[in-house]
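Okay, so subunit A shows up in both of these, paired with subunit B first and subunit C after.
Our next item is the complex of A and B:
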């Protein structure tokens, strides 16, 4: 076991290439988060709409996103849709899969946050002459976002880590994909993956800290 | 003028308003007293259309509140209501709380809305608190802010639903003083209250509600000193 000789130099030489991959990873995570947030907001409105078709659609989305493996969701976006003639590139499939997953979790997160806001808040808005949409937009939503913010940063970290599942659909430009290719060429598995893990850790930690700093500036009450 | 004609309202099997008739003229202050569950608060939320009614009619300056096609948002901007729980918007400063509806409902420009908000907040004695968040204030201050928030819409009518009931006894006075000031300025008001001394002082007329019925309505002197209805007598005997 201990006659293995580490070759860290080889891994460190590949560092610039891996950092390029890290940028792609971060890009996918951020995009998937932006799309996920937008979809989650729509799903939340669907659930509140009182329309059975819309709320049913939202419920199915949330159930599937939260109770099936993220890997399958990405697989479905790439190979599953491929069966129907819809061909997404590895990048698009990975992004779609993670965005789908994010939306499900974030919608549930929003629902919990909404429950924490008393009905009397919207009622107070209505009694001032606001429409129900205005009361939601100016009174309920800002409070909801505040409550949902920190749990949502967890989802952001999770999104960063989920991007590594892209290797299974042939993604080769993100951090996991590049690491996997370097590994396949050199068999220096430990060195490359350890270095990649450190980079993932740094990105995830940086995002968490940035989110906390943002929250303390934004939510001052 | 607020005209309430034979209004009935049930929550499930429980009939909370059993045919209420009441007319409140411009500039008049009517207080409503009575035990819990007598329908007093429900009547207020029916007046501004927050609660639907089962039958009867409520009109505000001739507009039927519950008719189809009535623009309730527009109507509510004419009728301010303040609740027992003041419902401060916690994510907005005191100034922003008061500016929100004038900006979004009346569509006023920011500086105009701010001017109105500052004026109303000064009026209720909160000029020092403009940039404070509500959770940093006492219940009495938050309730005065809620009053200023309603007044910023320049309502023609104000409805007060037990606005001092959730307050520490020490803080009741400052809120009642605000209501007294409004009454003396000629605001048309309906106040549901448990503060008998206040009711006697500010009211043009006092109504006594009992089990969904307006058992008696009279001048404060008449109602408090020589109540006619047996339930009014019992109620006043119990509260004195």
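Our next item is the complex of A and C:
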């Protein structure tokens, strides 16, 4: 039994406010992706370094990031660190949590991509007189980024959706935070959440399509 | 041939129309169970005891209501933001969930007359040096998302034009953040503030004064069109006060001066 009359008018009037929130959502997702990619690159290099401490560090990061809920990671960034007197604002905690998660998954993407590149290519580079770093930089890395690109867009979509977990640490300027607040004020749960779902869908779809268009232009053989 | 068809048609028609008249009050009485939405991280109104049983003012209030109706009470734990979805999806019959009776919300749900009234208090982290409501200006403050005090405090922070407001999803998270120093101060109902400070789970915080917000009257709620049930709820609230049960429950869970549930100079 579903006994409810929809008041779409009220929800549509809040649309500009929600779109402002969507911008914040997108901003956090993009930043977390940039930080995540940089960290994933470093983690990949750590793994390749052959140094036990460095590769161990990378392994722990990847294990924790991939095998615990994003909610836990974000909560820990805010309340966990807060326990030790390190105070991240909700925005920073959300960004840190998602970037941490992104880095773990992207490092795995890179690992998969590396496996797809035959060892012989790097060796061929070495035999031409390149250093191992040069062989990585000029031969392996460009191919790795190309192979990892589309899986990485998946992570971008995931990052957008993960921003909605920010409400658990007091985030109130992103799309989920604004939706929660509008809902609390008026109790029009279903309208506001339906509208938020549509906005999330549109952002995620736009990102996927843009990435695909970018890939087909950039990676022509 | 014709008569059986007609008879069957009549029979079908009466079978279809008559039970549709039963309203929610009938449904509750005939099902034998009253399902109440209660917020259980909001002591002393709702919480859990050591053996995880729901306790609190709202829990007792629901039990009283069920007793009056002659049915058994079922406490459905409902966090603040989920009160309305729980009602709309038919998981609960009535909300006994410290719900402020704002006009905005009354567009969506039907509110009874007030069954409880809160005054607002400021609780601060001792390191912040905040000693009164006005000293919260420019500081990082927070409250439980979606509550009367959160809405009022956020508006106040906007009016001050400086400082930051953070809504957390549960009352426990607010006090945790306050105790850690992530928040400098919070505004909550004075009953909740005292109950949380008393638990000792949140060191370094103290209730420092009153917040000059309006008295927060809270009501029972159910579906907006269920006049029969709303009518019953109104009479029930009235009877709770009349019989002294309201005062008894207040003394048991809160203590101190009993808040007046009527507004001077106007009916209802």
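The definition used in the following text is that the second predicted complex is superposed on the first by the 218 of 221 C-alpha atoms of A that agree within 3 Å, B and C clash if a C-alpha of one lies under 4 Å from a C-alpha of the other, contacts with A are read in each partner's own complex, and residues count from 1 in each chain.
What we mean here is this: a residue touches a chain if its C-beta (ideal position, glycine included) is under 8 Å from a C-beta of that chain, and two chains touch if they have at least 3 such contacts.
Bear in mind that the values here come from a model prediction, so they are computed numbers and not experimental data.
K.L.:
Looking at the overlay, does A:220 come into contact with subunit B only (first), subunit C only (second), both, or neither?
P.N.:
Once the two structures are laid over each other on A, A:220 reaches subunit B alone.
K.L.:
Taking the superposition on A as described, I'd like to know which of subunit B and subunit C A:47 touches: first, second, both or neither.
P.N.:
After superposition on chain A, A:47 lies in contact with neither partner.
K.L.:
Tell me the contact category for A:143 with respect to subunit B and subunit C: first, second, both or neither.
P.N.:
first
K.L.:
Where does A:83 make contact in the superposed view: on subunit B (first), on subunit C (second), on both, or on neither?
P.N.:
second
K.L.:
Who wins on subunit A residues touched, subunit B or subunit C?
P.N.:
So, of the two partners, C touches more residues of subunit A.
K.L.:
Does subunit B (first) or subunit C (second) touch A:134, or do both, or does neither?
P.N.:
First partner only.
K.L.:
For A:124, select first, second, both or neither according to whether it touches subunit B, subunit C, the two together, or no partner.
P.N.:
first
K.L.:
If we overlay the two complexes on their shared chain A, which of subunit B and subunit C does A:111 touch? Say first, second, both or neither.
P.N.:
neither
K.L.:
Starting from the residues of subunit A touching subunit B, keep only those that also touch subunit C in the other complex, and list them.
P.N.:
Shared contact residues on subunit A: none.
K.L.:
Which residues of subunit A touch subunit C once you look at their complex with the stated criterion?
P.N.:
1-4, 7, 78-79, 82-83, 85, 87, 89-90, 167-170, 172, 177, 180-181, 183-190
K.L.:
Show me the residue ranges of subunit A that touch subunit B in the complex, using the header's touch definition.
P.N.:
Of all residues in subunit A, those touching subunit B are 118, 120-121, 123-131, 134, 138-139, 142-143, 146, 219-221.
K.L.:
Taking the touch rule as given, give the residues of subunit B at its contact with subunit A in the complex, in rising order.
P.N.:
It comes out as residues 48, 50, 73-77, 80-81, 83, 85, 87, 89-91, 100-101, 104-105, 133-135, 146, 149-150, 153.
K.L.:
Quick one: which bits of subunit C touch subunit A in the complex? Just the residue numbers, please.
P.N.:
Within the complex, subunit C touches subunit A at residues 80-81, 83-85, 88-90, 102, 104-105, 107-109, 142, 145-147, 150-151, 164-169, 173, 176-177, 180-182, 223, 225.
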